[in-house]
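Read the structure below first, then the notes.
Read from first to last, the chains carry the letters A, B, C, D and E; within each, the first residue is number 1.
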Amino acid sequence: MTPTRLSPKPSPSLDPQSTPSDGFITDREATRQAREQQVGQRPGTLNVHEGALPPRLFLTSYDDTTCFEEEFTGRYDELLEYMRTHPKLKHWVDVRGYNDLPLLERMMQDFGLHPLQMEDVLNDYQRAKMEVFDEHRLFMVSRMTDFTSNLEIDDDQLSIFTGPNYVLSFQDDYDDCLDSLRVRIRSNFSTLRRHPSLYLAYALTDVVLDHYYPTMAAIGDYIERLEEAIFAEKRPKRLLNRILRIKKDVVRFRRLVYPERDKIAEILRLPEEVMPETLKIFYRDAYDHAIQALDLAESYRDNISSLTDLYLSDQGNRMNEVMKVLTMISTIFIPLSFVVGLYGMNFQRHDDQGHLLPHNMPELYQPWGYPVVIGVMVLVVIGQFVYFYRKGWLTNR
Amino acid sequence: MTPTRLSPKPSPSLDPQSTPSDGFITDREATRQAREQQVGQRPGTLNVHEGALPPRLFLTSYDDTTCFEEEFTGRYDELLEYMRTHPKLKHWVDVRGYNDLPLLERMMQDFGLHPLQMEDVLNDYQRAKMEVFDEHRLFMVSRMTDFTSNLEIDDDQLSIFTGPNYVLSFQDDYDDCLDSLRVRIRSNFSTLRRHPSLYLAYALTDVVLDHYYPTMAAIGDYIERLEEAIFAEKRPKRLLNRILRIKKDVVRFRRLVYPERDKIAEILRLPEEVMPETLKIFYRDAYDHAIQALDLAESYRDNISSLTDLYLSDQGNRMNEVMKVLTMISTIFIPLSFVVGLYGMNFQRHDDQGHLLPHNMPELYQPWGYPVVIGVMVLVVIGQFVYFYRKGWLTNR
Amino acid sequence: MTPTRLSPKPSPSLDPQSTPSDGFITDREATRQAREQQVGQRPGTLNVHEGALPPRLFLTSYDDTTCFEEEFTGRYDELLEYMRTHPKLKHWVDVRGYNDLPLLERMMQDFGLHPLQMEDVLNDYQRAKMEVFDEHRLFMVSRMTDFTSNLEIDDDQLSIFTGPNYVLSFQDDYDDCLDSLRVRIRSNFSTLRRHPSLYLAYALTDVVLDHYYPTMAAIGDYIERLEEAIFAEKRPKRLLNRILRIKKDVVRFRRLVYPERDKIAEILRLPEEVMPETLKIFYRDAYDHAIQALDLAESYRDNISSLTDLYLSDQGNRMNEVMKVLTMISTIFIPLSFVVGLYGMNFQRHDDQGHLLPHNMPELYQPWGYPVVIGVMVLVVIGQFVYFYRKGWLTNR
Amino acid sequence: MTPTRLSPKPSPSLDPQSTPSDGFITDREATRQAREQQVGQRPGTLNVHEGALPPRLFLTSYDDTTCFEEEFTGRYDELLEYMRTHPKLKHWVDVRGYNDLPLLERMMQDFGLHPLQMEDVLNDYQRAKMEVFDEHRLFMVSRMTDFTSNLEIDDDQLSIFTGPNYVLSFQDDYDDCLDSLRVRIRSNFSTLRRHPSLYLAYALTDVVLDHYYPTMAAIGDYIERLEEAIFAEKRPKRLLNRILRIKKDVVRFRRLVYPERDKIAEILRLPEEVMPETLKIFYRDAYDHAIQALDLAESYRDNISSLTDLYLSDQGNRMNEVMKVLTMISTIFIPLSFVVGLYGMNFQRHDDQGHLLPHNMPELYQPWGYPVVIGVMVLVVIGQFVYFYRKGWLTNR
Amino acid sequence: MTPTRLSPKPSPSLDPQSTPSDGFITDREATRQAREQQVGQRPGTLNVHEGALPPRLFLTSYDDTTCFEEEFTGRYDELLEYMRTHPKLKHWVDVRGYNDLPLLERMMQDFGLHPLQMEDVLNDYQRAKMEVFDEHRLFMVSRMTDFTSNLEIDDDQLSIFTGPNYVLSFQDDYDDCLDSLRVRIRSNFSTLRRHPSLYLAYALTDVVLDHYYPTMAAIGDYIERLEEAIFAEKRPKRLLNRILRIKKDVVRFRRLVYPERDKIAEILRLPEEVMPETLKIFYRDAYDHAIQALDLAESYRDNISSLTDLYLSDQGNRMNEVMKVLTMISTIFIPLSFVVGLYGMNFQRHDDQGHLLPHNMPELYQPWGYPVVIGVMVLVVIGQFVYFYRKGWLTNR
């Protein structure tokens, strides 16, 4: 099997017109979630949120030697029947879309799921978590991330239930980001097919973790572009906004991934009978991945804070430049203006009686008075330029 | 049962006249609490604070099949009698208002409550907490939050005592924020009626937690409005004050909710005989809710700190704009003023003896002197505009 | 017993002349303590610090039915005799003032106190702590706080030793802040008199905790006054100093109270035989009090940091205002000055030979030249005012 | 054996032309790593990254009395054979370069390595970690650091597997930074040769730790140079960038070394049968080394943050200097210009009818009018200089 | 025994010429340590660093009744002999100076010290730590601090080994800061002589802790002086540098003392057979001392950060002052200059043909024109002064 490398996401451009005019820095997604919380409702009540998709059902059944894939959308009974008649196979039931409450309630009964867990599946804002139920079965919630062209972290929920020989996965999205897994199952020589069904649950979690890297890489690319923009001759508008917006995204990413890491740590602490050591070695690998993703996020946070410092210092430098121009112009011309004003005074050469007043501005009556004044002013300007040059004001800082 | 969604609170407007003139940033509520603490008093002394309401008594009695609701205000004995004659029912005694010390002391005796606990009920500034007493009974304090139109977090206390077949709840407020629960009890098919009375205590806690979301949503809305205000042409007055005031509220919210989370975590650690596993699964759900509310608060704190950065940077930018205007005006006109001053000098064309002084300002005697000077000045101005344009000073940053 | 509410301390005024000229921000008290530490001395050596008061001895003996109070200053033997002859009573020996080393050494022997503990009593800068000695006895150090009119946190030490039927308390201060306790003991119906002597030790600790609230309330009042001062037309001098000084006080308060909280937590972990469960319930209450005091301190720290932000932003705004005035004046008058300078030029109407030079400043020879120039200048000024108004520079920000 | 001191690395110069024009502050290395992560691939799949070197094999076999060294590149079978025929010797197999998948897969089988571990070896961005496998064997990953002339922390991975009488080490680099170890093995009297093969694994870890110090020393040198640059007359360009870039490096260093410290702490917690106490004493020493390296990094972080403060304050000071120059020039000349303008007014001495107007500017007709005005202006200037001197504006602050 | 109070160190003055011109803020000591680390060397190799002193040997032997002190420099065999012939006495062997490798190696063998421990003794940059070896013996490293006149924290290492009836102490310094201990041993009634030799090890640690206070007091004094300097009329140069330098020192102090505290905490956790409870009570006292020293350091850090805030705000205020002067001068004189410029215009009273142009500047021909203009200007200036006064610009802020 050749490794499929996810092509790194193109991160959003810094093109001025792509600037979203609102929703910039504050975490409006979080506020929206808070606003949509149901208040005073019986816990365990199932609510399908508006805009949910009608569910599609996919079954993948396999063992060491066989592999069967089919879409059972609208044929839930047939799906159950197939599972019942093939008890030796491992089954992966993939439900995409929640918009069919009766179906979900039937599944709850058929697969013995707790109403609170099903509520968590439908509540699309659940933190990543893990619960053991019925002593041996696991319920896991993961959050998949994506960095949109709108500079937002988009996150979808993947809920997983394990059973003796099956795994149920729920997501409210038709995009098959689990496709890479399907490809691996189809392969004849896949280790996945030799492991118990619990391994499939691990593999699903692993796919989620794998998606953190392209998200981070896209954010990282964008941060690099922001850095270049700070020193560009023409700074894009609202640059600080963008920096702070990306900071918000990184913070949001951390908030999404920390629970994921904690979830895996909890799985590693499960007793042998629930999670055998042979599988834990894989979760330990996943744990390392989660830590590395968080490391990256920490690193970006530091970078963004450095960018903010740079931005503000650059703002100060620009003010400094403006002040220098003002000061140079003023320093050169204000004294000159004084000199020319001086010889614009009207002290009279004769008083009202016509007597000569020889002390009143005799310079004005010298044959070379004007050229000398002009010369003196030129010398003053030259002196000032030397002074500015020594101060380093003429060079660009 | 249809889910009742709490309509999101309208958050306070940014209208200039709504600005409270005092009490802005500092946590005056906290200071008031500190000032009202009793010093040197015997622990366990009951004090009804000024302004407490006269108590109203509500009884809700139910089991799987029956449901009885009645107000027993002023008829405490009848209430007791009813409870005694219906030992099979689960009873919820809801006391609203504390202003009747003898009644409270009778209840302490009749229901076996500890004086220190009753003091905690009456002291309206108690952190959320949980205590086990009499080996199997629970005493819980919760804090309900509200975001007022005055940009304050308002918080009320809900105290709960559990007993073998009853739950006592105390609050000093006639507004029935527990009404959603009452509706659920009335419903014939409510799971609530099938669970033991301890579940009612859980349901009360859950209602408190549910109220955190509209509070946060209102704060979030306000933060978004603040963000928009920063970039408005006409910034509202004292914008930073408002930003910092909201920060104070978020910090206060966290201080209220952290103990709530810890309380639930403590409940989850209670032994099986005090809190059975079948109920713990609900508290685990409540724990998730508390964490999510805290996550939101963290998120808002980050947002507010970004807003503060933006505000200060924008303040710098505005200063920069002012400086640029000054510099441009000065740079354009000061040199020109020098030129016109130059030709305003009075160097004389003839000395006292009437000899011609040909080197004194011959320009003034040229037929085209004036137009040439005007032309030179126009060219200088054009040159300066080109320079400013290149510097990007003419465009809006 | 009527509850005695401590009248809230009047906090120091913001009156300019009350500003202490030195010792402002830095924690000089801490430095003084460091300077006074003895170096290289045998641990357990008793040193009475300079300025200690001569000791006064007070005995309060009580049981359920009797209560005896007397001052035994200078009559230590009689005090011992009284205690020996009344073994059934619980005794509270209150020592105020340390300046009598031989007496203290006798007490060490008579009551079996460890030299290191006695050293801690005399060393007035001991952190709050708790030690068990002789298997069942407790040694506790508490710190009482006060907010002085000099904007300082004043703290005094209260040391307590417990014995089978007595409690020793040491403090170097004649002010009886323990008076409220004495009043409670005198009361016939005091629960205090029914509890064992260990409860008295608790009650002493509780009085210390109670004093934290007026301290905090005074600080909170002062912070509110500082907030108002920031926006006052006439800001008091050195306002930032005062803000930072209060910050220092709050930090100092936290440093004093954290060990107190830890001490109580340690007491709660003591085994049943040292600290019975019936008393622990009271310490749990005290623990809640300590946490609330720390919560307050955290809250104030946040407030002060907001105040600092506001102050600095306001400083920036004031600079901005100054710049705007400068810019408006310059923008209005510099161009006008150019215009009047222009028409002050001396380009001549006739050359040396008396030929008319019709292109030299013909405006000056127009009948309406002057009024037109004046009119143009008025229009320019009006235009500039419109521009400034649009920019919002004329309104107060 | 003489101790070989690593010559301290010359740290990069501050020469302006060495400034890298891009990749400045943000952690582009981290982004590159994120971008290169494989998504959706079966865990345990071996991928040799592009640019990997063809492997070279080195064998060092020794015991107390003999020592054998040879390169077996391309002769893996002979190496195995040699190891098989010398079971009493301890063998160190050093593999440099990964670009031979079949060889690595053979080694996996021959030495019983887990695919996930081999994947970690090949994935060059693994955090330092330690795993026990096959009950007694250790797998360790270390990261070696280097401070490049490009102001980057370069880090390479060293992976170690231990076996009963051998140690495998993997690195993708021909530079032999392990040479100092080889020299020690060759020595007849080396304690290394007397210890079991596990000690060799320790020695390899220790070499990695030793390399942290020159890295830090080079960074420290650079920081000192940056500090000097801040106060240089001619500040190098983009100084803040460089400061923030070094901050990034220090943060990156910490991120690399923290896991190393945790790894060693984990080794110290291994049970006696896996890691005997006689070896743990050495790891305890290594632990101290790791802590000291982290201490250094913390220290540098504080220093860099101080440098940033200094830089920004210095930026403010420079602005202040500019403003002072402007203010002094303006304050001196603007009033003077007013005075000379005053006497440039054209108030006429006679009205249109030729009547004398004696109140119109009589100064102009005084014999000493001009010298007096000049004198007054000189006095004003002297007064202003005295004022500036008192303000301290003339001295360089 | 009279307590010897260490005279508080005179802290370095703020005299301008005492400013060290380099090595200011960055922790060059740390970099030097990093640079001197040996790389790739066998652990446990003894290296005497350059500049080490030749060792001097001091023996102090004592029990309850006798006390013997002698310098055995160069007579190590005699020292051993004396110890062997007096097995009942407790011996304190004090080694000062390391520059004699053979002697140290003999001591290692004679007293059974581990090479790694001896390496730690010689490596002068060891963090404070504690190790148990040979089951009952302790190896302890302490760091003594000093605040030099060069504004540096100087730290020396004191290494201690305990044995059944002896204590070895090593330091590379002839200054006897342990002298106070020696004085105590000589005293006939010293408790020290009655305790086992382990108590001497405690007493040595205690002396180290005692030295932290004068160090901190000197730093505190310096901080107070810095605070005063901020508001001095003539601020010393590079004040922020000094503030940040002291910050570095405080941070360094914390880094030195934290391990000391941890070391003592570890000693407190030692089992009874290694460290009896009767001694632990003294270590508990030492632990309190370490905590208090750290508390002080935290307090200073807060103070320094307040000083930095003050400094920067004061910098802003000074800029503000400069701007106000500029603005006042400009606001007063620029309009006046316009007025005088206005009446300097040359609009002619007659056109070329000699016709009267009555609208051209008739003011100039009024008999009271000049005095009226002067009067108007005086009124304008008065108005402006009133405005400035109201704005509070005339008062010193």
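Just so it is clear, a residue touches a chain if its C-beta (ideal position, glycine included) is under 8 Å from a C-beta of that chain, and two chains touch if they have at least 3 such contacts.
The model shown is predicted, which means the values in this text are computed figures rather than measured ones.
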Superposing rotation of subunit C relative to subunit D, computed on C-alpha atoms, to nearest 5°: 145
CA centroid of subunit A to CA centroid of subunit E, Å: 42
Whole-Å gap between the CA centroids of subunit A and subunit B: 26
Residues of subunit B engaged with two or more neighbouring chains: 316, 319, 323, 326, 330, 334, 337, 341, 344-346, 361
Ring path (origin subunit A; first step to subunit B): A, B, C, E, D
Residues of subunit A that touch subunit B when the two form their complex: 22-28, 30-31, 33-45, 47, 114, 116, 120, 125-127, 129, 131, 233-235, 237, 240-241, 244, 247-248, 251-252, 255, 308, 311-312, 315-316, 318-319, 322-323, 325-326, 329-330, 333-334, 336-337, 340-341, 343-346, 349, 356, 361, 363-371, 373
Interfacial residue positions of subunit A with respect to subunit D in the complex: 1, 3-6, 8, 179-181, 183-184, 190-192, 206-207, 210-211, 213-214, 216-217, 220-221, 223-224, 227-228, 281-282, 284-285, 288, 291-292, 295-296, 298-300, 302-303, 306-307, 309-310, 313, 316-317, 319-320, 323-324, 326-327, 330-331, 334-335, 337-338, 341-342, 344-348, 351-352, 355, 357-361, 392-393, 397
